[in-house]
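Here it is: the structure, laid out below.
All chains are identified by letter, namely A, B, C, D and E, in their written order; residue positions are counted from 1 within each chain.
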Amino acid sequence: MHIGLGELLIELTLMPLVAFIVGMLMVLMMRRVGARLQRRVGPPFFQPLYDIIKLHSKETQISHGLIHDIGIIMAVGGYIAAETLLPVPGMNGIAEKGGLITLLYVMMIPSLGLALGVGQCANPNGSIGISRALTAMLAYDIPFVIVMAGVAFIYGTTNLVEVINIQQEGGIAAWGAVQMPFMALAGLFALQGMLGKQPFEVYVAPAEIATGPMVEMGGKYLGGLFVMQCFQLYTASVLYVTLFLGGGENWLFLLLKAFAVLLIPISIAFLFPRFKTDDLVRLMWKWPVLLGLIGLVLINYR
Amino acid sequence: MSSADTKKKDIDYNSNGSVLNPLKALSFFAKKPVTEKLEPRIAAERYRGFHVNDWEKCIGCSTCQKVCDNAAITMVKVPSQKEDPLNGIRNLRPAIDYGRCCWCALCVDLCPTGSISLSREYVHTCYDEQLDSYFLLPDPNGMHNKDYGEGWNKTEENDLVDHNRQVMPERTPESRSDNFDEIVDGYDKQQAIIEASRCVQCGMCHDACPTHMHAPEYIRAIWSDDIEDAVRQIYRTNPFAHTCGRVCTHRCETACSIGKRGEPIAIRWLKRYAVDALSHDKIKDIVLGDVNPESSGFNIAVIGSGPAGLTTAFDLAKLGHKVTVYEGLDKPGGMPRYGIPYYRLPFDKLDDDINVIKAAGVKIKCNTWVGKDITLEQLKKKNHAVLLSLGLQLGRSTRIPGSDHKHVQKAVTLLQKIAAGEKIDVPKTAAIIGGGNVAMDIARSLARLQKQKFGEVNITVTAMESFEHFLADPEEVKEAQEEGVIILPSRGPQECMIEKGALVGLRTLKVLSIFDEQGRFAPHFDENDEICHECETIVEAIGQMTDVDLLGEELTEKLEWQRGRLQVDENCRTSEDWLWAAGDMVRGPDVVHAVADGHTVSKSINEYLKTLQMEKKSS
Amino acid sequence: MEKPIHMEYLLNELANIKVRNERQRRMRLDVPSKELPAVLELLKGRAGFMHLSAISCVDWIDENQFELVYHLWSNQVSTLVSAHTRIERDPGVYLSVYDLYKPAAFWERDIHEMYGVFFEGSPDMEKFILTEWDGPPPMRKEFDSEAWVNDHFDWQNYRPDWLQEIEQEGGGIAILPDEQRFSRKAEE
Amino acid sequence: MKEFPVPVQTAEDPSVKKQSGNIFSNVFDELVRFAQSRSLFMLHYCTGCGAIELPPAMTSRFDMERLGIQPMVTPRQADILLITGYVSVKTLKRVILTYEQMNAPKYVIGICSCTVNGGMYWQSYATAKKLNDYMPVDLYIAGCMPRPEAVISGLRQLMEKIKIGEANSWQDYFKRYDYYLGNQQRLFGETWQTPTDIIGESKHYSLHTPETEGEHTRLLELHQRPLEPLEMRLGLSEKTEDR
Amino acid sequence: MRAENYEPKQHPPSHEYELNFGPNHPGIEGNYALKVKLHGDTVVSARADAGYLHRGFEKLMEQRLWIQNIALVPRICVPDPSPMEVAYSMAVEQLCGLDVPERAQWLRVMQLEMSRITAHLFYFGGHAATTGMYNPMFWGVADRDLVLDLFEELTGGRVYCIYNMPGGVRRDIPEGFLDRLSRLLDYLESRLPEYDNLFFTNHVLINRAKGTGQMSQHQALEWAVTGPNLRATGLQCDVRRDDPYLVYDELEFDIPVEQGGDALARTLVRRSELQQSIRILRQIIQRLPSIKGPIRAPIPNPLAWNVPAGEAYVRLESSKGELGWYVVSNGGQKPYRVHVRGPSSMHAVQVLENLAKGSRLEDVAQIMFSLDACPPEVDR
């Protein structure tokens, strides 16, 4: 599979762009789902777009310094990079060269970027938020890594394109979710943690630390975070679809699957309070890890 | 009953709950949102929204302003609105500052007229530069000229205005009809305080009163049980406190804003309470505090010791002028003494008033008829200014056939005789022509005399007016009827029937209309409806006039007259610069008007004296 | 509710104290300031007046005194006792009852802030509500809040169109709210 | 009573729209303004009673999110500062700090009577009376307190104003900083300082006018301590006198 | 902002640092602040800072006529204003010796219990929101709004009813009101299981709330904690029962208690109280039509009303605990002194400070909300 440089460049531009647009839809879905469960109407269709345009049109009043700026760029940039590593129907970008492990690392960049940026603004709430975010990352990364390992083990590759191909060729029976249901379940936990939704929403926690990392973010910085959120939802759900639900045969299926997957954590998010940080770690290292290990064992004895 | 009874504690503290239970809420995906439409809903029926004010009902009393706890109400003069102080209507309207208002609706609850209410409109937003819109003059149309309906309004439930005045204890008709004792007892302290507490201090009474008495202030003082202050406030404008506290025509009560929907404050009775509650000496002390002890060297003569004359004398004496009052009869007081029956105004109370005036330095010469005992010319020479306050001491005649019979008498004359304690022939039956207060006075006085003498009352009052337009006070009419006087409205006297030189009756016809289209007096009778009232005596009480003989021909020629009354300017000054005239003779019968005149005259005379002094100095 | 007999005995033990049963379940004690802590201790220990509902301070400026009122409730005898005591306004110092009642700390702090009464032995006399207020203790009667307000703030000066129209017609603002202030007038 | 000063209009007032020939940029401007009007983050700072009617307005029954309005927890994130009723003097200091930390364009809404002329508490020594003495206010909503519907109507009106590009009163704070600072100093004392350099920012936004600086800002310089690290917390610094 | 100001603050080497919790913080109920000293995530000490809502109520009331104060008093506690009006009116009635007609007393109880329902619904939402669950907030406030609709119908105001006046209430119930109230109660009861599922039996919530901000009965009594917070420590203590006012002694209701003394127990007590309020309201719906008579005792002209000298201490049970009103009159037109014992003055200051100490940062907001602290009551 050789594509020209020009084509690659187009793909590299399109992939994040599509991700962004789909991500906005996902944000919209999230807010609409919340609204429905809260017995109300919810925001209009273009609301996520309005928010982002508005935030970027705000005057930048202050800067907390260069590192602060770089932090945001890292956060968004990390995700943009991640998008190019996530194969979607018709576009593989650099997924073949990157693979799962790279993606895993790239996906950590945003959190680190945020940590850098927030560290600059000397707001204790921000610092607490970041320390919580990193703790949470540590918590959900353990099951996540186990899941990754299981996936790599079962498919025999860390190349996402191949993972997709294997699943699509084998039909539904070859889907990760069918092959390794425990892994898929553990993956859901990790997904919930990755998205930072209740009950794992420890690092935003408005009532405790006033939205933590976002506390000093305004205007364009907050806009960056909003963009990041779009990417985050997209990346997490598409990654899950890729690993367990056979990727996207075409765009329609991909989106259907991705939205369906996303619906689970989102619905749960509106029905639970958040855990305390240490409870979160305890929980994450208990059930998903257990599930993952069982899954691993099962894979071995298959 | 409810499920709360059956399961007292349906959630156990010790249970660990469930992770799945919350998922049941996913069923809300299938349920409709409860969100309302974006457009504001219609508020509840008694919602407390922005104010509306019925300008027709509003009288500008500013009670809302007083009860407003946030000082949110400003009274604004609206020239396009009616101003009628006599009926207690001002052209002030409340303007609300919504930067203060808290929509508590106390203004509504306490509004005496019920004009102000709150609407169901509740949305008002504005930009900074439109902030003036927060200051609103509520009219009936609502804040944005859109009708949202009335919200919180005045109902019986939330009305805070006390509509009922304290009942004045008075004698029963049986116990009063055979003597001249005073009818009303006056308020006791508790009653007075309660009655005074009803006042909302609007000051309508002050505006309506001819002499602008400080009624709100003295009512307030009575309420706070500071009688001395009350008396001080009363004497600021009225030296005839006792008199006015009893027999005033109380324009104030007509204007009273509480009276718009309920019974007005009994302002007259409160005044009476205040002056009665304080000893005479105390009153003197209070009143004489501001008498100027220095003599100005000016002399003033006042002819007639009625309210107008004595008020002028009192004012001028307080300023240090030397005032002499000439009274033809043997006691001072004028019409209040000789025209008002004892049961309405006991003489000792009038004497109290006059004593206070005397104590201010006024000299009263009784039994001195100007024109007989001393001439006007002499007075003019001795004094720098002369006031004529002669009163109305001659009764008018109906001039119907037979009215010159000796048993056809004038009410004033008769009243004067009764007051002076002269013996009169009490007729067994009497007919009275006239429907004013004087007619009632004479009717009731005669009734008492009849009761004393014969044990029964036989008096008929025939008045031309119908009851709706009666001239006498309704209470007077009611009380007279209670005492056995028969009052016949709409009867026009036609003839005093004389048989063999003796008066036997009065023939009257039913009156269809009194005035013609131009408003002139031209009665129209129903010839078929004729009654003959049998009577021994007929009393004419259809009006009075002044005896102006003392002026002398020359002066009478010089002065200007209109319809038999002496013409004066707004300061009660005649065309002669040394001569003033005041009181009933220029104004018509009314005590408080006479007092008001007295003040006007005293001011005018004082001005005049000042100019004289200037001239003296310069010359 | 009848108050238990031992309450009567208890109150009889206390000299110099005026007891008034005001209405049902309410009792008023007037205690000389020296004896108040002892009375409270007795009430707490012997009649179960565990609950200090509030401490109120009243400024009787004409008598130059502060009145402190301790509202105590006892579930045992179901009675609210209001123990009144008066202290001189001038030094304005009194003893804290924090040892007996923990909640006193809040009320004493509050009274100190609002009236300037100092309580000896109270754990915390720091400012609480009025940390950024440097005027006199505001609840004292001599502090004229309205005057202070007029000194420090402006009011809106509305000039709406309708007012200008009316003014052209010869009308206009007749009585301002402050002129008609019923409350003020009565004071003068 | 002091005359209320009229906001100055200077020649280079950016609020006066310049019609550039470029249709594209006009469309873009309009889009931005539209997005700004449809996405309002409000800082829900419960300064007073009116705050109790905001939860209903935000929650299911009246659902402000339909209009793109959501609550935000820190001043940095917010566009609208809702002053919900009376502002005690102690709170006013925080409100001013908060306001200065919000990113432009920012809007202030005064809810309830109290923000206009003192409201219920006009006699109170503890509350500020006229909000627009201390910061420019975009919109007032009448009521004590206004119902959720009234709040929503007000916000919709503000949205209209933003859409046509006239909600520019935030600029007034920079243009007439001296006036606002003067009022603040009158209430808080001459040593009143905020950690935000408004004058510098006004230059940054090219909103510096002759009225930006004056006798009151000179006072600011006079009392300014040498710059030392200030804490940044929750968007609200502690009272500066503490140090 | 000057760039120099953005140097990170050097914290003392003890690893302790200070955090300003509020006044503008979503974890604070109302406008209030806590200065929290932290060691890691653990609170070393907490210090309440009030006064952001201080209006000088007590001073204001001394400057206004007796009647004018009825508009002022509800504002002392914004989430639960009705008990304030009732308490003030009762105090003035005691001073004047006014007898309140029976019907007015029933109407007052109705108002108080409706108000308790609104306050508790608000409380559930607030408590849930501190733990990151917003659904109960959305539901609770929306359901509370339905009660407010009835308030609007009855009194003309949604939150600040200003329905009471010394002597009674201002208006009688409108036509069909009791039916609508009854329907609303049915609705609320049908909603309760949904709240239970989502909130009260939510494992994650129970996990968080259990043991959070725990106080013993002894502590609670010592700190003069009252109301639901005291009952959550197992003591059956309620002013409505112990010191009955209005017509509470004619009504049947239970006083729910829980033993835990923590955030969960406090929440469950309030949940049961909500049920009891519904029960009381149902009794009122039954009884009210048979109670005839006026709704207000006549009072003098409010502009000229001297209340006899004396003093009155009125206690009543608000949704937050014992509410005390001490009113002193010197026989004048205005109160000489009014002192309000807001129940929160106890549990929002001392108790909160004590409970926060040793807890974790996560729990501070929950402790404050679970105590139902109402800052305007503290500040007045």
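Going forward, a contact is a pair of C-beta atoms (placed from the backbone, for glycine too) under 8 Å apart; a residue touches a chain by one contact, two chains touch by 3 or more.
Predicted model, so just to flag it, every value in this text is computed and none were measured.
J.: Once the contact rule is applied, which chains count as partners of both chain C and chain D?
T.: B, E
J.: Hop across touching chains from chain B and tell me the fewest hops that reach chain E.
T.: The least step count works out to 1.
J.: Using each chain's Cα centroid, which is most distant from the centroid of chain B?
T.: Centroid comparison gives A as the farthest chain from chain B.
J.: Please find which chain has its CA centre nearest to the centre of all protein CA atoms in view.
T.: So the chain sitting closest to the middle is E.
J.: Find the geometric centre of each of chain C and chain E from their Cα atoms only, then give the gap between the two centres in Å, rounded to an integer.
T.: The mean C-alpha positions of chain C and chain E differ by 22 Å.
J.: Would you mind pulling out the distance in Å between where the CA atoms of chain A average out and where those of chain E do?
T.: From the centre of chain A to the centre of chain E is 43 Å.
J.: With chain centres defined as C-alpha means, what is the inter-centre distance between chain A and chain B in Å?
T.: Each chain's C-alpha centroid was found; their separation is 88 Å.
J.: With centres defined as the mean C-alpha position, give me the chain B-chain D separation in Å.
T.: 58
J.: On chain E, where are the residues touching two or more other chains?
T.: Each of 1, 6-9, 19, 25-26, 51, 54, 56, 59-60, 63-65, 71-72, 135, 138-139, 142, 160, 198, 202, 204-205, 207, 303, 379 in chain E touches at least two other chains.
J.: Mind pulling the chain C residues that touch 2 or more other chains?
T.: 130-132, 138, 143, 145-146, 156, 182, 186
J.: Which residues of chain B are in contact with two or more other chains?
T.: Each of 22, 25, 33-35, 43, 66-72, 97, 99, 102-103, 131, 134, 201, 224 in chain B touches at least two other chains.
J.: Name the touching chain pairs, please: which are they?
T.: So, checking each combination of chains, I get A-B, A-D, A-E, B-C, B-D, B-E, C-D, C-E, D-E as the touching pairs.
J.: Give the list of chain C residues in touch with chain B in this complex.
T.: Per the touch definition, chain C meets chain B at residues 156, 158-163, 166, 169-178, 180-182, 186.
J.: In the complex, go through chain A and note every residue touching chain E.
T.: 34, 37-40, 61-65, 120-122, 124-125, 128, 198-199, 201, 205-210, 270-277, 279
J.: Using the touch definition from the top, list the residues of chain B that touch chain A in their complex.
T.: It is residues 22-23, 25-26, 28-29, 31, 33-35 of chain B that touch chain A.
J.: Would you tell me which residues of chain C are touching chain E in their complex?
T.: 23, 25-26, 28, 50-54, 56-59, 69, 71, 73, 75, 78, 80, 82, 101-103, 105-106, 110, 114, 128-132, 138-139, 143, 145-146, 182-183, 186
J.: Which positions of chain B touch chain D when the two form their complex?
T.: Of all residues in chain B, those touching chain D are 33-36, 38-41, 43, 50, 69-72, 97-103, 122-129, 131, 134.
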